[in-house]
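After this come two complexes, each holding chain A, first together with chain B and then together with chain C.
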Partner chain A sequence: MIGVLSYAVFFASIVLILAVLALGLNLQWGYTGLFNAGVAGFYAVGGYAYAITTAAPKPDMIGHLGWHWSFGILAAMAASALAAWIVGLATIRLRDDYLAITTFGIATTIQLVTLNWESLTGGPNGLAAVPRPMAEAFASPLGFNLFYLALLAAIVLIVYVALERIVRSPWGRVLKAIREDETAAIALGKSAVRFRLEAFVIGSVLMGLAGALYVGFIGFVSPFDFLPIVTFQVWAMVIVGGSGNNRGALLGALIVWGIWSLSGIAVAKSLPPHLAAQGGAMQVILIGLLLVLSLLWRPRGLIGEEPMVSHHAAESA
Partner chain B sequence: MMSGPLAHIPKKWIPVFRKGYAPTLGVITALAATVLLAGTAAAQQVTCPVKIGGILPLTGSMAPITKKISEAALLAIEHINAGGGIKGCPVQFILRDDQGQSTVGVDAAKYLVEIERVQAITGTVSSGVTAPIIASVTAPSKVVQISCCSTASPLTTDGRSQGYFFRTLPTSKTQAYATASEMARRGLKKTAVIYVNTDFGLDMNRFARAALPKLGGEIVIEVPYNDNQPNYRAEVTRALAAKPESLLLIGFPKDAVTIVREWLSLGGSQKIALNNSMRVKDFVDGVGARFLNESFGMDNAQVEGPQVDVFNKAFEAKYKYDSKGPGVHTQYDAVMAIALAMNIATELTGPAIKDAVRRIHTAGGTVVGTGSEEFKQALELIKAGKPIRYSGATGPFEFDPNGDVTGPALVWKIENGEIKTDRIISIDDMQALFKQVGN
Partner chain C sequence: MLAQSIADGILTGATIALGAIGISLGLQILRFANFAHSELITWGAYLALVFVWFAGAGVSIGPFSFGWQLIAALVLSAALTGVLALLVDVLIFRRLRARGAHSLSFVFASFGAALIMRHVVVLIWGHGTHYYSHELQMAVEVLPGVRMLPDQVFVLGLAIAVVLALHLFLTRSRTGMAMRAMAESPALARVCGIEIERVIRWTWILSGALAALAGVFLGLQPQLHPEMGFSVLLALFAAAILGGVGSLIGAVVGGLLVGLAENLSLLVVGAGYKTAMPFLLLLLVLFFRPQGIFGQKR
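Let's turn to the complex of A and B:
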């Protein structure tokens, strides 16, 4: 049973890391209506910032500062904030599809930078020997994974509670107003650009945090961790779980990664050995089928957005 | 509003019981429970069947070449089982897809190690997926991992695998040096290099850049390209601007076809040197056989010999097409190496198997080859305590202290649409070449 526990802990850790990504995207899309198709880019910025700041110094590499992992995580969040701020300033006035294409292009650019800037990022070979938080303190992989799961759970809890507070705050209500009817919001004196930029940056900070947590978990980073499929997966999580709802984002992360992972197990267990080579195709078909079915069954996501009724309407009723 | 038996409980207290959550979570949990609990087994005693794990990119951009690779693995398992299995038990091979994505690959590896309790894994192809698997699963859990096809040099040289990672294909150095020597032998001058911007392409380019000038050639421009693009006109134009007289193309067949066609249609020379991935019919047909008569390529040589023939025949008999292609022979040898090591090991644990891997090629041992008959013989020798020397589908290879193999190289050419072997560069010639280039 130790094996099942080990795997479950590992699985849960990946779900929590992806959940942080989903929470970030949910703030950008679900609450503010920003179509960010460049999730993988900010994920990469955070992941690499963590690796570059915490890896041990090496003569021909830039960075490699050997910092403590907690500072590495903070550095990742700061780097994503900066990247998002720059990207945001340039693109925040764009609507929907235009923002989507731009952010997708930016994510691809970031991935290409990581692929080419060898002295900073290690190029295609990536950066190995990235310190994993407290890894030396644990003799067995299970011990380390349990510790890391606890760390992730604590971080996700803090992020979730913080997000719930800010979306229920006046700031959060303005985000919704901008998403629903931007002209009306501007007419009421709110600067749509400022709020959208803030939501974009905060969401991207969360994505950078997820990147740091992922690289700290694996102990290795390379450009191939941040392919566009990651953006697709996180979007699926937000849509399937229910956009505009933080619980939806968490649930979506569990469901979508669960589909991805367990479909592979189900296929490996149910196919006879001589068909094993077809297993991959079967798994991909199964993933697509489950995603489509889930959306057909609950088109608005598993947990819809909570309807908010104005206080004033309640008073006058 | 909520209806039903739980209507009186405030929503925010028990979110998981809200309508819609429960069925979906239920499905996931049921799925999880079935698959997880069905696969638990004791770790230390030899319980039959003995499981070996496999991770390959069965889908994704590498899928076209992986089909044959996975078939080679399955053929090896068949031979192993027909020849006596491992420690008297039949072998169960559990093959998972990594989809070319590192997170999926790491998840699959963890599943194999923890739920299926495999003591050895073969996998995978892309170095970008092999590396995180080593870092987060096989090295910490002390599970032997033998890859057929990951070429990034740091995987074996920087010590991250703590000795648990091996690979049955020579790294790009062998291929690059051999390609350079063949280019020099054919008198190719003023070469443009177009290479795929991955660790494989970068490594090959770096080694080619080191070797070619020392052997009498000249590189006039190096142009990287990113894979999976629909069009490579920009890269080809840039390469042609340097007025090259030959091309060294390093990459994978699908994009290579696009590049070569663009190159030829813009007036590029037909003197093209290719790497091993292009040694497939799809490439020849895609470009057009009549344009490729002056082209040639390299591959790690499957030294011709009885052992290689046995493998090739068995493969063709089972799958009805030839065994040519990247990774096919190395994958067969990777699985055979695992099975032999597991039989030699005193117990089926990671550390014991790791120590046994190099005892499959003991100097002076009795030569055992490919196929189920030879495997049966190998088991008898192992039982009698006699040393064996495995000579596989890639010939007689040896794992060096890092876990790499050295081997001979093969030059192939295209003649009237057929891929033919031109000549072999033996291990000794390769050693001499390494010395000449200065390593």
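Let's turn to the complex of A and C:
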């Protein structure tokens, strides 16, 4: 019984962390039409920034500042903001698929840095013993996990409400205007580049936050937590759930992670160990199919975008 | 040391150029960044491998590590990969075109297609590495201080021949001219009576065939693995954009520059960062000359 409960808590926590990623991508893709192919990269920046700033000091390592975990989370968000700002500045004014290529490139580069800059990132071994928020206050792992689940739920709620407010604000409506018809939006005096860059940075900050929350949860960071497959999973979440709808992103996170975990269990139970690699490949193919088939058959996703007007217009109607 | 690095750079560059031509055609004629192109490279390499398995290793020709079987496999795999590219188009991209989907939906779909294609390779051929031939080769000194494997000389020679043939095709044949017209302006091309879908079909076949060549070349230096295409994808995009999208010469020059940058960087930074070099080059280009070296400003 305890086994089932702790698995459920673990599963729910991962879903909530992925939900933050999906909400970030939804702001970029769903509302602004920005193609971020480097979700895993910004996620990694957040995760590593948290680990490097909070880990206890060590003589031969850069960083390891021993900061309080809450500052670690802020540092993670700042680091991913900086990364997104640099990439966005270079590419956001260009052809929209160039952003896909450069974000893909930044994710690859970040992965190389995490693997190779050993004095900062610990290389392939990663960094162990990263402080977990308030972990010392709990006697049992389950107690900590329950606390962390509540913390994650609160953060997801705050992020969700904040995003719902800003996408319905004048700022959010400009994003949609730019996505739908850039020329018209510019003709109305809106700087498409500035709004896009802002949306890109805010979305990436959420991805960095998710990275910090993930590393804070497991207390360990390694390059293999941020493989490119994460990017595809998060896309599948946004596309399946319904891009341009924050509830869609949340639902997508639950469904896609559910499918991924179930297929993983099915593979582990049904295939002999020497076919494990093939089983893993089938899981990834499933994600690919999910992406392609929803694009072909249900481009709106499960809950698609809703027409959105100003709060004030709704009140006066 | 330096001369050897330059020679290695040109070799890498020749293979990258063949892949980058397909990417460039995709960006200009199909009008989207096709992230599944790398998987056509992988598939091309593995399809050739299947043929080499069936035909047997054969007797090596002269100094090369392979026999006539590999050359036959090259041709066969180019044809099959062209068909595979067409199949992907029919199954996915043509449907999106018919619906008038947003251009970024194509990019999304290409990522999905890439995931599927790459992992089907894992399903069929496994995670491990494969070789076309287990013959050992001795490097020969082609210039003072520059050593190359005979296979590498073959790759370089064939790449040059293919680019020349492609240049003739694009400038002399009706289909080639239609492709260039379409690259300039799809609307004008349609008005001129060019059958858009036919041009698109040819673009897929051509980029598939070129990808297969690049794949076999990558497999010769020295091995095949499921990530072989994916690992050069960034270099392909960098080469295509650096040279100027839609320009054949541009893709070739871009490929060579990227190959040189990768190999010369080894003299300065460690091998761990080699694959980041194309990306740095790409960022510089996008900052200073987004249309690329041979591209026209729009």
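As a working rule, the second predicted complex is superposed on the first by the 274 of 317 C-alpha atoms of A that agree within 3 Å, B and C clash if a C-alpha of one lies under 4 Å from a C-alpha of the other, contacts with A are read in each partner's own complex, and residues count from 1 in each chain.
Everything below uses one rule, namely that a residue touches a chain if its C-beta (ideal position, glycine included) is under 8 Å from a C-beta of that chain, and two chains touch if they have at least 3 such contacts.
These numbers come from a predicted model, not from an experiment.
When the two complexes are overlaid on their common chain A, residue A:Ala266 makes contact with chain B while staying clear of chain C. Shared-chain residue A:Ser80: touches no atom of chain B or chain C. With both structures placed on the common chain, the touch criterion links A:Val284 to chain B and to chain C. With both complexes placed on chain A, chain A has more residues touched by B than by the other of chain B and chain C. When the two complexes are overlaid on their common chain A, residue A:Thr54 makes contact with neither chain B nor chain C. Of the two partner chains, chain B is the only one that A:Leu251 touches; chain C does not reach it.
Of the two partner chains placed by the overlay, neither chain B nor chain C lies in contact with A:Ser204. Judged by the touch definition given at the top, the superposed model places A:Tyr98 against chain C, while chain B stays out of reach.
Residue contacts after overlaying the shared chain place A:Thr121 against neither chain B nor chain C.
Once the two complexes are overlaid on the shared chain, A:Leu296 sits against chain C while remaining clear of chain B. Applying the stated touch rule to the two superposed structures, the overlap between the chain B and chain C interfaces on chain A comprises residues 112, 115-116, 277-278, 280-281, 284.
Put simply, chain A touches chain C in their complex at residues 33, 35, 37, 90-91, 94, 96-98, 100-102, 104-106, 108-109, 112, 115-116, 232, 235, 239, 277-278, 280-282, 284-285, 287-292, 295-296, 299.
The residues of chain C lying in touch with chain A in their complex are 27, 32-33, 35, 92, 95-96, 99, 101-105, 107-109, 111-116, 118-120, 122-123, 126-127, 233-234, 237-238, 241, 270, 272-273, 275-276, 278-279, 282-283, 286-287, 290.
Against chain B, in their complex, chain A makes its touches with residues 1, 3-4, 6-8, 10-11, 14, 112, 115-116, 123-126, 128-129, 141, 144, 217-220, 222-225, 227, 229-230, 247, 251, 254-255, 258-262, 264-266, 268-269, 273-274, 276-281, 283-284, 294, 298, 302-303.
Per the touch definition, chain B reaches chain A in the complex via residues 15, 18, 20-21, 24, 28, 31-32, 35-40, 43, 54, 56-59, 63, 67, 70-71, 74, 77, 92-97, 99-104, 106-108, 110-111, 113-115, 117, 126-129, 131-132, 134-136, 140-141, 152-154, 158, 160, 197-202, 224, 226.
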